[in-house]
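Here the structure comes first, spelled out in structure tokens, and everything after it is commentary.
Each chain carries a letter (A, B, C and D) given by its place in the written order, and its residues are counted from 1.
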């Protein structure tokens, strides 16, 4: 399955809306086991992405993804900034033009997050939504990926965090859904919705 | 009407109890138009007086009143410290032994407060309880004095303060009972009760 | 009540013990009667400068004891004036033979206790001059009332007079200088929350989530008016206008400006307030020659701030720049 | 939410503008990318020392920029790590040709952003060494987690390494020194109230009127455990025991002690806490050679405190006493 430059722009545009809508919710989740800013960070980042692309969208998908990466790295900050930034940086490298293969895109991005954050599955991070999504993508396509991401996100609730701020809470981190896994699910879900093929 | 050394000690002992009981109430009143410490100040002062007298009560009334004055001046602080301190200092000067005339006592004390604080009747201070008490004492005796002090205390409610902290509130000081007028009433009332003659 | 204390009745004494332990190089604390005094007091031949008042305003006054500022300070109980015996003892400890200046904030209790102490000192042959600070523009002045409160200008007066005394200025000129600082200083304060007096155990006043108090003092007294919460810009404009119109300040005036926190407001906000103050003064053509941003004259854990502006002459500016070494304020050494 | 701010999104920028306006003699603030830098940077031939992290901890880090401490600081949004471009720009501005030390607090976000920045700097030919501070004894360390948080020891490391750099210490020795400070420093914090992130608008966590959080960090993260409110003595004993047993400290150790306020706790209480700390250490035979009492590494408007103990060697003590001139910390000049 591949997407065009226009579909990519449509997705990024949709994401800005999605993170704006979920700003409070993500921040709420981060209050419970973090420092109450994840929603604010994601909203700031993707609002900036939208503005940048509106001003001047690169001619090809790789250029677009590179721009998204640098904007996120410059504007998000925190842990999620470098992580999502690296996701798009690696995805850009993996993106041939004119069209982009979704599996290759996801594979490169998730691998980037894993390398940057050095987290393992079960550490209660965004990886717990991203890795299942990647596996499901291989076999069942985007809708399956979105469903797997959601399941992975819910699976973070009983986990005790071993990475990120939440791990400072030790056992008290159990019983809360990971904010980053939630923002990651929103990303895949939005892709499945905008790229209905 | 005169009181003996023993009656004087009984009154001072009773006052320690009265201000301990009314600590919260006086502080409450001071929160509304002052700085929330009048009850704490009075309680600290008369607790110290009680301790000092228990340790070593002077042989005559004048000595007792002088001791009360110095203890209050040293322990009460704030506006009420110098005021009540001066009250007892002047009362001491007016006290002949072996017995003490209540009217002379009250007259000297109230005059001392007036000179120290330079307040006028109607300024919403302890004087508004003390002056009526003094007048009533002349004609009707101690019970009348206590009743007059209570009326004077209530009369401070509609007044706008012109002296003390409360005057910083301007019109907002109206509608609240003056804490110092209240502690002054308690003083006269307790005298009437302990000196039942 | 949530405070890092033990028995509420011991707060002042236990805190002073910590102050003494933390700054033994600068000051000593004497108990019963209680006062804070310069480690090297009395300084022979130097006029002494002391102040005092209720506790709960830290670092004022004890934190301003040291070279170039106060020789001694008398801390009363929380929000309660110190007693005459404390003030007399502090005056004796500060007297190097050239007399002692009492910097008194205009509160009935402070005035009366310092008066009684001054009588005791004079009787003991120590020359004392008292200057009353009454700079709070929130309080309408009047002959028939206790007049204005003494607030932020007290800090500036202590720094400037302390520096002058350090240079050998005599008592008469110190008195004149302190009066001049008071005449040219104006302050206004506001509160976002009430403070809680330890011995009282609950907030002195209740303030709605969307209300603020304008024109407060430093003792948790309610202010002149309660109004809907506003942004920092509006708040600073309102406070500054009240200050500027009062003296009045004029374009081309050079000022020493203080943005002071009430104790519960973090620096992040105080610097933001300072930025707003500069904007307003620039528009009015008034220059800030020197400035102080931080918690200097506080009201326990109250959230809020006060602004103080002093129209400064060359002597004041020069004295402002002189070295000062205290727990709460240090520069030039 | 009750704060002296305008638009919550502008807090950091507006506050930095105030910092720059108030301390033009000490520092400059650059925007987009945002960093605070010494007025006289870069100091030719001197190794640079910079730090950074989320805002909301004032005076750290911007208030520690100046002679004898930091050459530059990168303030992120409130509680959000700065971004690599900010860190790279600050590093360039601080580089006098002898390389730059990055003092990084151990948070995943800070680590990753400083890592990415270091890669950019190395690519640009600037030598960078990063030392991670992880001194919080409240967090159980483990190979499988992000490890301990970096808290109070960061302030001591910035002072000591800044002084060493000022004396011409080279980058390699600075790195070694900073690691030594981190290895010998331990901290523990507690909260009486939550803080409120301006952009969030409400308290990060709810705490009952008779509850407190033990083992908090500096970002309003809930602590290790919630417990009934206790008196200052009990609280200090508990915190100090956790610190002493961790290193472990031993009798005859000489320490630099910091009693730090979280932003909403007044000095009156912090000095009282210091008195309690001295009592506990005396009993343990541990000496306090130097101390710091005040608000240095805060958590917005949170009420609470933290205690930091550094087992100091002669070099650290000598560097501690060296002159420092910053907005938030000054002595010896």
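The rule we apply is simple: a residue touches a chain if its C-beta (ideal position, glycine included) is under 8 Å from a C-beta of that chain, and two chains touch if they have at least 3 such contacts.
A quick note: this is a predicted structure, and the numbers were derived from the prediction, not measured.
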(request) Tell me which chains count as touching both subunit C and subunit D. (result) none
(message) Measuring centre to centre with CA averages, how many angstrom lie between subunit B and subunit C?
(response) 31
(message) Taking the mean of the C-alpha atoms as each chain's centre, how many Å separate subunit A from subunit B?
(response) 73
(message) Counting only Cα atoms for the centres, state how far subunit A is from subunit C in Å.
(response) 54
(request) Any chance you could list the residues of subunit A touching two or more other chains? (result) none
(request) Name the graph shape formed by the protein chains and their touching pairs; answer line, ring, star, complete or other. (result) line
(message) Run through the chains and report each pair that touches.
(response) A-D, B-C, C-D
(request) Spell out the part of subunit A that touches subunit D in their complex, as residue ranges. (result) 27, 31, 33-37, 40-41, 44, 73-83, 116-117, 161-165, 167-170, 172
(message) Under the definition above, what is the set of subunit D residues touching subunit C in their complex?
(response) 2-7, 11-12, 14-19, 21-22, 55-56, 58-59, 63, 192-193, 209, 212, 229, 231-233, 235, 263-276, 278, 291, 293, 295, 298, 300-301, 303-305, 328, 330-333
(request) Provide the residue numbers of subunit C that touch subunit B in the complex, in ascending order. (result) 33, 54, 76-85, 107-109, 112-113, 115-116, 136, 138-140, 142, 144-146, 149, 197, 199-200, 204-205, 217, 219-222, 224
